[in-house]
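Would you mind keeping the following structure in view while I ask a few things?
The letters A, B, C, D, E and F name the chains in turn, as written, and every chain counts its residues from 1.
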């Protein structure tokens, strides 16, 4: 590991979330300081941490939080399918605020938590690569494609690099048959973000985030320049999951499409939602 | 022409705009009634016309305006690069309201005025097709990619067809050297929208809107199922334009990229803007 | 036209059929003699014609009929979806007999009437080219893919050229809305077969057979070396057809897929069939 | 391994053959019962086995054998290049009977032993993927392409999944220099069939069957959703084979093409055959 | 036509050659002065012409000739397959001298007469586009690929635009059956060079030069940004050529490959050459 | 290892160079004799070695040196960016002499040290494959593309196989941050040349030469038929290099493009050069 961290200060949005709390620790070696941003409490701070409590919908607060940072790991915003107003405020407006902060304060690189749900309606057997057209599977996915597009603009026009990481399923362990292929272990998630932060050249890149599971329904080679090499696999979990879950119907949208059961959800503003 | 129009009632948003006012006439043969929507006055109404004056940012009004329509020609929203708040309200929120209207009132097909500015940072010599990744050249372009993505969702999940027409430069006549290749005549614009409204199968389609000009920097074949056959060309305008405008620098962004001078604009919220 | 016909004797199978009877006349300039093969009566013979009445399922007769020919235009076999035994005997076994005849008697070029139904389950908006994987829409289509594959072998291994012409809808005139894009006029059909017979190099080629209709759901450029330039269009028929036929549901398989209503047929050996 | 096998009863055709006899054992964990089908004797049956002795050319017997099965592993039919009548009866008609059985008795998934000989005339350096057009290298290969096409129809129209496994060279050990790249070990063959039987989504898939040998002349990524991960390699056999076999001529068809010496065979019905 | 020519002075190398002497006239409207370069006499000069007689192998003379020019139309060098020393001096070294002249004297755009023989060993049915790997069919073709590569460097590193025009067969009229597809009329040749000189953006482009002949064995769309629209066709010549020339063997290299009979030539330094 | 070496005599050009001196040892098992060619002294010869001291610019000497060889490993010529005259004599003319030697003396296979600098102006995130158009980053790179093209001709027309190995950075160990992805260890270099010499079928192949480093900016699958499997990685060197070298600017040409700092060099004949 280098004696001098790669970054001086990284802003981590969504720091109190499922992945954010893992990255808070995992990214420690990469920066002198990690500024943790969330609207939820962040618990005790380590010596290398500083807290910034605000809502991403607050433009001024968000822009202010980017000051003094040389990288942003943007994992904040809505964490799953939810109503339009939340998507609009947290994910669309909030992400715009983050990029305006980066632009105004000269942050050079952003790592963004995009999602499989940006391309959730592609079929597994289509074996899409990172350049495939978007096919979101919900409002959550639409917001991910919005930020992918916005960040493309901020690279082409304003020179801010972004790695959009389309995370598939990152949980403590795989929970169902779909996760046998979609799972990204927490450790591999940290490896992926680390690769995106340390790669010599990111420009505007889109990557898929999965562990080295046997079933590989997408082509990850287009992000090879990021240098992400997953180390984990779902193979140890297979027998257990297959023993306790029924065989899926291969024609069900939840099996057919990359987005899984998100593809079967109705509109989140219809009541009752799932 | 069929004795019975293809549609009962078409909602035309942006009906008072540059293109909207042409479509108002041009689409007359396709519906018994055209409901003209704009927040600006619409002038005298013809027998087949009805007016709906509201702001697309008004969700209830927008949804109400879609009632009773069996097609929407969505040309409303911001008409060029402008500040974030306008883009957000008119183009992002406004378009979401249009699609929610379509979903709630069972409208089956939408024709959307997307723009070259959704893919403005692709180079001419890249010869992209309709499936190329988006590369917006401004907030305006980002909003176009948002609607392209949103409409993809509304097709995949809710079964509403959309033809996204990436209109290049539709003006009374070509005004500069770039328009010698990017120009879409008003008549060809009407032909393009007509094709999208009458094609047997649209699903979710993306098309490029240019006349049959000699310089062809993009591949339009991917939208061949829409049946658009341009009839006009800029060739008659070439000598005049070349005589009165200087030779462009081939390395200037405005020449290099599909988006033209939009690629050279700064951020619209910086002052002073162009 | 050349003083000396391109061929000495062309064998035309299916000569009594809908297309065969047109080709019988249309190909006259290309050969001194056209040997007309069918199991049905052929009517009066012209000076340049000779008849060969047999069933393609008869291997010896079929092989004998190829003797003395320097080209075969193979339009015989089942003409639409039908039961397995007929497909097997007429189209699979019969075509094998034709190719064995070509091999044993040194015929150098075959023009084969393949069909859109070899790739009928591809969607219109997929815009497939001639190299797309086969997706037959019935047993008829499977037999077409069988001959496309068999003829590929006879080229690679035995040096017999074949142009597989995937004819879409060749009738006296377009009969429904689908034919507005799928129609191949009789004259264009003759042009297509003529091109395939006179092209300098065929090797093993696959081509699509449609007239120059506005709606173009497939990419025909891969067969550009055959030199087929359609001259007809369905545009004159559009208004009439649209006036007398209902608007199709864009989600119906018959509209969604290239194969049209063949995609909606059940198995031909189930009773009752359509 | 799951406590409950994935399938209740698997029909294994060609169960007495070279690969069938290995699969008979290797697939035991996947079903309560394996029904072994062949026209040759099958030896002693294990507790989980039941025998069905019949000829695939017998439609009624073949259909009857599929009754009560929820998966079919179809390795029966001609095992190498042979005369037309055998190919027709065993491989073409026989496979049609298998699929009719699946359709009539509701079998949901078929794993089919296709072959490199379906694409044997592609050159090594072409690096084809699973979507490349077929180029069979003999009648055997043509019959493989027939079943690949037929099974595509049975998926698109009748909803029966098939994984077509293009097995390259599966023998006890690699026997010549070509097998240094084309070899599929018996254990990897079992792994491949197991993957195809247990993958969450097969739809209609085509996969290549080779072990993890250093020389990789085809692109296997298109079948990544099946989850096949080969474990064996020919590297331990290399020195021995190179010591006892001459250096091949790189221009010989047997070296140039994927199909190897099949590409150099004449027509199997010419006498004498190789 | 613009009152002011597009260029001040165009250097035309190979001005005494078959195509050069046509371009000398055809390009007159595009520049105040055309500097005609050749080592052969140029005949009487028109008012807009000036002569520069030198050998391209002479570095100093070549560089001097580029002074004061704002475009170069480089049609000089060997005109067909010939011995290595001539290729080396005239085409390789000579072209390097031309580009060094452009670099030293600030010439911004070069139009280069490349040739089908740069990609002559591609088969017609491969339907290559402008990005296909080179496959030269002789030393002449190798020299064309050298200049295509050299000019790519001079664009990427030194900012000099080049349009490489792969001219197929440009003669007074088509002379054999191959030219029925490969022919580029003199008028279309002038149109092609004119397009390359006037296109708004050339960067480094490769184009194919053929008239609008029915047989189209290559995909020209990748050069659509140059705006070349051929107006001529070989169709009027077809009957005459077919009447007086024999039917070609479709397997002969001269028919199979784009390069025609160049593919059948031996090495030009072996004696006797064709 | 086979008892009998694969070759009788290999000619190794550039045998005194950085890589040549490693190959001299590493290729020993592959031939009875290795003929070492260089214009520099070669030191003591081993029992299996013979020396040939000459300049590649000497046609007769070069051709003579190929006599009696059955393979050529051509690593001679300029080793980095240098002036035109050296590139012309050593790399262009010299390589032509090597191929003429191969042609005249019946050498069947050549392994050529091409370079990343043949495609140096492609961006990392373009993820090019081996078929991408050339984009040389200097005269050195242009000479590499010349030999790649020349060797294509000698395969297509004269049947001499060549594997063009685009070596990235082969040094004793990685020396800077770029080499963390571009590095090819000496052992992997020997493996790569060995694979190219022993592959059953080379035809004309282009391969990329890098070790198994985490960052993979190009797609190597197109050379899978050569059987090169790198065994080394730069991972052990990462921490040290990152500790002692500054973070690169991702927009600098040296970071953006595959060719690294070659892309930032001026013309080598301008003084002073770097």
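What we mean here is this: a contact is a pair of C-beta atoms (placed from the backbone, for glycine too) under 8 Å apart; a residue touches a chain by one contact, two chains touch by 3 or more.
Note that the coordinates shown come from a computational prediction; the quantities given were computed from them, not determined experimentally.
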Can you name the chains that touch chain A as well as chain C?
-> B, D
When chain A touches chain D, do the two copies use mostly the same residue numbers, with over half shared, or different ones?
-> different
Going through A-D, E-F or C-D one by one, find the pair whose contacts repeat those of B-C for over half of the pairs by residue number.
-> A-D
Averaged-CA centre spacing for the pair chain B and chain A, given as whole angstrom = 32
Using CA atom averages as chain centres, what separation in Å is found between chain A and chain E?
-> 51
Chain D, residues touching no fewer than two other chains = none
Got a list of which chains touch which?
-> A-B, A-D, A-F, B-C, B-E, C-D, C-E, D-F, E-F
Using the touch rule from the top, collect the residues of chain F that touch chain E in their complex.
-> 84, 88, 92-93, 96, 103, 121, 131-139, 141-142, 145-146, 149-150, 152-153, 156-158, 263, 267
Would you pull the chain B residues touching chain E in the complex into a rising list?
-> 123-125, 127, 177-178, 180-181, 213-219, 239, 242-243, 247-248, 250-251, 255-256
Name, in rising order, each residue of chain A that touches chain F in their complex.
-> 1-4, 6, 108-109, 159, 161, 195, 198-203, 205, 221-222, 224-229
